[in-house]
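Here is the structure we will look at.
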Amino acid sequence: MTEHTVATLAALVGGRVVGDPDRTITGVGELQKATPQQLCFVRDAKYREAARTTAAGVVIATEPLETKASQIVVADVRLAFAKVASAFHPEPRAEAHRVHPTAVVHPDAVLEAPVDIGPHVVIGRARIGRGSVLMAGSVVEDGCRLGRDCTLYPNVVLYRRVELGNRVTAHSGTVIGSDGFGYAPHDHRWVKVPQLGTVVIADDVEIGAGCAVDRGALGDTRIGERTKIDNLCHIAHNCIIGADCAIAAACFLAGSTVLGDRVTFAGHVISAGHLNVPTDARIGGNSGLRGDVPGRGDWMGWPLQDLRRYGRTHVLLGKLDEMHAEIERLKARLDQRE
Amino acid sequence: MTEHTVATLAALVGGRVVGDPDRTITGVGELQKATPQQLCFVRDAKYREAARTTAAGVVIATEPLETKASQIVVADVRLAFAKVASAFHPEPRAEAHRVHPTAVVHPDAVLEAPVDIGPHVVIGRARIGRGSVLMAGSVVEDGCRLGRDCTLYPNVVLYRRVELGNRVTAHSGTVIGSDGFGYAPHDHRWVKVPQLGTVVIADDVEIGAGCAVDRGALGDTRIGERTKIDNLCHIAHNCIIGADCAIAAACFLAGSTVLGDRVTFAGHVISAGHLNVPTDARIGGNSGLRGDVPGRGDWMGWPLQDLRRYGRTHVLLGKLDEMHAEIERLKARLDQRE
Amino acid sequence: MTEHTVATLAALVGGRVVGDPDRTITGVGELQKATPQQLCFVRDAKYREAARTTAAGVVIATEPLETKASQIVVADVRLAFAKVASAFHPEPRAEAHRVHPTAVVHPDAVLEAPVDIGPHVVIGRARIGRGSVLMAGSVVEDGCRLGRDCTLYPNVVLYRRVELGNRVTAHSGTVIGSDGFGYAPHDHRWVKVPQLGTVVIADDVEIGAGCAVDRGALGDTRIGERTKIDNLCHIAHNCIIGADCAIAAACFLAGSTVLGDRVTFAGHVISAGHLNVPTDARIGGNSGLRGDVPGRGDWMGWPLQDLRRYGRTHVLLGKLDEMHAEIERLKARLDQRE
């Protein structure tokens, strides 16, 4: 079991200790259920009362609180929590070299020891960087290249020639490198256009469960450094996604959607494809993109509007009947006067 | 082959026999294609003509019909059909204890015999309740606990520590316990917040194919007794779903969405998260939730309205051009008079 | 490595050679990066400059261009590209009979040699047509019948009795034949209605990654010849989809949606089910169907309108605030006059 002292954790998060710095902490917990060996965090004033009575050994907060627990005072509680929790629950990494006997690894595959290859994994003529963990049932086809410390959760599939940088994580059921939806119409039928590009994913990207990221038609589909993608997203062929983006669940990006850096898509944003979303644009949930997003900042709706304007639109969408009735009344008044 | 007499089936559904109670029935079929050994159901008056000429041995209907078939008369045909069909096609259950030789089962796993563990299944230090069937390629990680008579269809993944009650069914490709989408922003980058809770699913829940149910960030994601979830749904971290809910396909629930009991979501309902849907609320298809649903009953739209009002809104959404033209006409008339 | 002369490729696409017909070509590439052994295509006038300076050995275009490359002049560049690229990158086909030793094949399964059965594939009492390729981790349950030259990418699941025609392709993570969402309400609970039909997929259908196609409740779910379906689509029980349809990503079809032939759904079309979409109807992206589509041609929106009218509606959805303000102004003017 991992153990840290309060002092160590405070140093980790750049926080100030109030109370006993030598307590030993073995994990994180919820305020109401914590034990004296656990650390909790006080996200906001709403949790102060719970902090007062918690049995936790240490709490993280933005200011000293009335509590028996030791405290670590920080500017950003959520960030501090992320760091502390990661100290207790690090990402999966291969420490000893292990290839499960049921894994099927091509003799020409290059596994940079140590890697951890789980049961029933299948690896073609691919290269797997050191520290990577490929969990049960994942499939890595010929020509794939994975950097260091990648994690494939169970039943991930990488089609041929997909490239992952370092510390890329893909959750279960996600498929990377499937054929883009490319067909040429001919005589009222669809003729398949082979999809010859691949998918290139940069360092520190995380992709949720059940996503599909298609390979490029001719060039590549690309996802930039540190971008995070949630569950059940569709990234079509030749999308280019910048660095440090956050794409929440059920976003569906049609082909050749181009995102700059630090773009955020709240949940269920639909993009028509062949359009640009500039760096630092933020798209609200349940929005649809039909053309280029005009600039950075906040946007929402279908059609897309700046967020403030969409706020008014959203309200009016709920008052269409009143608007209609008012039009009818105005018409009646005018009719009456004529 | 399973066989039942008409009398037995009538008793099963609490129906009254008209005609021969001793006929032997071996299965269910469609009215037009049925054989004398099959049972059919007459859902409504539209199917009466087909019932008159069917070759089926017995029909289930709400009143005696003109037909050569024996009849079972019941109040609720669909319910009766469900029961009869289940008599012929019961859910998968392990009867003999079987662990396929290609399955990889941790030596500390507890399998309560009989269970049926299919090819290439991977089970960590987990507990599998008696009667459960884990089909090919499913993965159950360390710390999971499955109750009795659970069914995992092929290629289901349960991340560490997921808990299923009794008679829980998950269809293929579904992922339960994947990390929630939790990141702390820091210096224009995203720092992962480890997802430390799990998913707890109560008795008699069924989850369709290709769903993703994320583990809680700190507390748990929960799904209540007998709730049914259709394909390709996303249930984010810390959602709490009550009992006897029905969530149709492609519903996407952001984090901390809370549903009471007997909530129904028709297909493709989007929830913004951190909101409440009260017991007995029914949300129409293609709706979006941005805040608490005000009460029980029927709601629909984006923004959400009570169903009757949304009916008017839906019509008006299709008449925006007419409303706009009318406004223009009124304006012209007023301009002319001034 | 596959090689073709320019003359051979020109014959394949019915094109006219300008320049050297005897050059040897080994693959296709992008104009700016191509080598003299590669063929490129010039989609439209925008690419003419790149064609002028390309190092490619041959370019396909609709008219002779100024370039050092040989040329193949055709009427339809995209179609020609599809054919040429397919010559270099044919669909996977089993040429030698191969059953990976880790595959689990029921002794009563019928494999028409040659087939290529990958690692950890599981095949029940099923029939697999000659030429078919079942990649790693795919599962084909009892009673399935696959025609010739089918391709299941890794981790596809076919539930019991699913039928695929010839040359059917399913991409990774796709599930075919899962139970439809059928429950009878009883006493405020949901009683499962066993789903007794199956899924029948005709020749030359391609289904993308992460889709769910449910089996019929009593009759079957059907997909017609040559229809193409993109990623993350949901096809509910008893949908009947015609021939030569194209259904882009994230389309969700509720039960008993019926599509004629040559129907196209752009991305993210939602169908309420129990409705008809006639032959040659084209539905724009991000649309919702609540009832029968009135006829062929182009439709879009929620509610659905003919495309031209929806164009106006889409603009007005972005001007609701202006419409509202104009109504207010008109009202003030009238109030003032009274």
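First chain written, first letter: the chains are A, B and C, and each begins at residue 1.
Operating definition for what follows: a residue touches a chain if its C-beta (ideal position, glycine included) is under 8 Å from a C-beta of that chain, and two chains touch if they have at least 3 such contacts.
Predicted, not measured: the structure shown is a model, and the values here were computed from it.
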Fitted rotation between chain A and its twin chain C in degrees, CA, nearest 5: 120
Classification of the chain A:chain B interface as same or different, half of numbers criterion: different
Whole-Å separation of chain centres (CA-atom averages), chain A against chain B: 26
For chain A, residues contacting two or more additional chains: 102, 120, 137, 155, 173, 210, 232, 250, 317, 323, 327, 330, 334
Sites on chain B touched by chain A in the complex: 102, 104, 120, 122, 137, 139, 141, 155, 157, 159, 173-175, 178-179, 181, 183-186, 188-194, 196, 210-212, 214, 218-219, 232, 234, 236, 252, 254, 270, 272-273, 288, 290, 301-303, 305, 309, 312-313, 316-317, 319, 323, 326-327, 330, 333-334
Parts of chain B lying in touch with chain C, wherever the complex brings them together: 28-30, 76, 78-79, 81-83, 85-86, 88-89, 91, 100, 102, 118-120, 135-137, 153-155, 171-173, 206, 208-210, 226, 228, 230-232, 244, 246, 248-250, 262, 267-268, 285-286, 314-315, 317-318, 320-321, 323-324, 327, 330-331, 334, 338
